[in-house]
Amino acid sequence: MISIQEADFNVQDEMDAFRTDCPNIGAICCFTGLVREFGDRSDLTGMFLEHYPGMTEKALQSIIDQAHERWPINQVRVIHRVGELKMSDQIVFVGVSSAHREASFSACEFIMDYLKVDAPFWKKELTSSSSDWVEEKGTDQKRAERWKK
Amino acid sequence: MKILFFASLRERLQCDQETFNDITGISTAQDVVDRLSERGAPWDTALENGKILVSINQEMASLNSAVNADDEIAFFPPVTGG
Amino acid sequence: MISIQEADFNVQDEMDAFRTDCPNIGAICCFTGLVREFGDRSDLTGMFLEHYPGMTEKALQSIIDQAHERWPINQVRVIHRVGELKMSDQIVFVGVSSAHREASFSACEFIMDYLKVDAPFWKKELTSSSSDWVEEKGTDQKRAERWKK
Amino acid sequence: MKILFFASLRERLQCDQETFNDITGISTAQDVVDRLSERGAPWDTALENGKILVSINQEMASLNSAVNADDEIAFFPPVTGG
């Protein structure tokens, strides 16, 4: 299930949804991304997140479908917040449940790596005096490409 | 033909959406860029900086991709979510 | 921080503890292990978890220390429940926070892989009519050893 | 010398703890196994099945490891937590 929302999320609630009526799940790997201070931007007050409604959901569903093809996983949950966020706020949640832990770890990292390069979200850093769009990172492209090996 | 702009590109163009009713001479995404660039600054420099991505009907595409009258074309900078 | 406890845990509470007063954290990777139904044991009603008090905490601390040496991570939290657990109950939590996501994923998986082979916990499967100690899995040894490459 | 037993081994021996006051002739973990095995079944078969692990003062050790009078020795099956 995919949710693009302004509201915050509760990781335990997502875990409980995975567990309900699923006695064959033995493993859940979750990743949560937070608004963080950058080395050179200690004056950061928050972020603004923009997305392309419609295309975002399609791009994420395509990534999730690929993960299901590659690993024996049970359920996938993706939540991505948009709008204005403060320091240390939760931005993104990716959770994957499976029988054994290796599939949940691999699929969760794969989904995050492709979300970073294929899902149309854009971040703007906010300080008390300015707002700047974040530039793409070449390392994100490289991390996504290593799954093609 | 609906044309969308996002993030820094949207701000630079001060425009989030355009509609082309007459698409005579437009058969690829590059033709859409060319038509918009004819408007001069900031359209020409913003759209032709080599980093702008294009999607057609919400799927990633390239400037060589074919476009049709009822397509939704979007231009945006590299994504930075997550 | 390490906790060996009978009580359940709340993953969101653990995430919030990571986030408090840590503006340089951008990533949290969490793993949760659950009591699950086995292919050939659909009559499973729960599990009993035994541990070696004292040695368990030492073994886990040693694994956490190794993770800190290998990756630029911020905090590590390990919770392992003991005693009697029911189907789909949470057994173990490993959470790792870091600036960037790759370190949190690698360190979290590393800690789980070594917890599985080095921490003195033993599981007993309970059914309505029997109780059987779980046998070790050779795959766990192999997963731990791949980190030595 | 304190000797602990865990999990299936503890159940098989019906014993979770032993104390050796006289450790004459005991210098390694193997000597502890030998002393316990002298009691006969189930001690001999349970302790000498080749899969039992040993720790000394809460650190993993081997049967060749040296042991001392005030050590805490533990024997247990391969671990299965997580």
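As written, the chain order gives the labels A, B, C and D, with residue 1 at the start of each chain.
The rule is simple: a contact is a pair of C-beta atoms (placed from the backbone, for glycine too) under 8 Å apart; a residue touches a chain by one contact, two chains touch by 3 or more.
These numbers were taken from a predicted model, which means no experiment stands behind them.
*Asks:* Approximately how many whole Å separate the CA-defined centres of chain A and chain D?
*Replies:* Centre separation, chain A to chain D: 48 Å.
*Asks:* Any idea how many Å lie between the Cα centroids of chain B and chain D?
*Replies:* 74
*Asks:* Taking each chain's centre as the mean position of its Cα atoms, how many Å separate chain A from chain B?
*Replies:* Centre-to-centre distance between chain A and chain B: 27 Å.
*Asks:* Can you tell me which residues of chain D touch two or more of the remaining chains?
*Replies:* Not one residue in chain D touches at least two other chains.
*Asks:* Listing for chain C: what residues touch at least two other chains?
*Replies:* 33, 112 - these are the residues of chain C that touch more than one other chain.
*Asks:* Name the graph shape formed by the protein chains and their touching pairs; answer line, ring, star, complete or other.
*Replies:* If you draw each chain as a dot and join those that touch, you get an open line.
*Asks:* Can you name every chain pair that touches?
*Replies:* A-B, A-C, C-D
*Asks:* Which residues, counting only chain C, touch chain D once they are in their complex?
*Replies:* It is residues 33, 49-52, 54-55, 58, 80, 91-92, 112, 115-124, 133-137 of chain C that touch chain D.
*Asks:* Residue numbers of chain A touching chain C in their complex, please.
*Replies:* Residues 10-13, 15, 19-20, 22-37, 87-88, 90, 99, 101-102, 104-105, 108-109, 112, 143 of chain A touch chain C in their complex.
*Asks:* Okay, in this complex, where on chain B does chain A touch?
*Replies:* Checking each residue of chain B against chain A gives 4, 6-8, 11, 55, 58-60, 74, 76-82.
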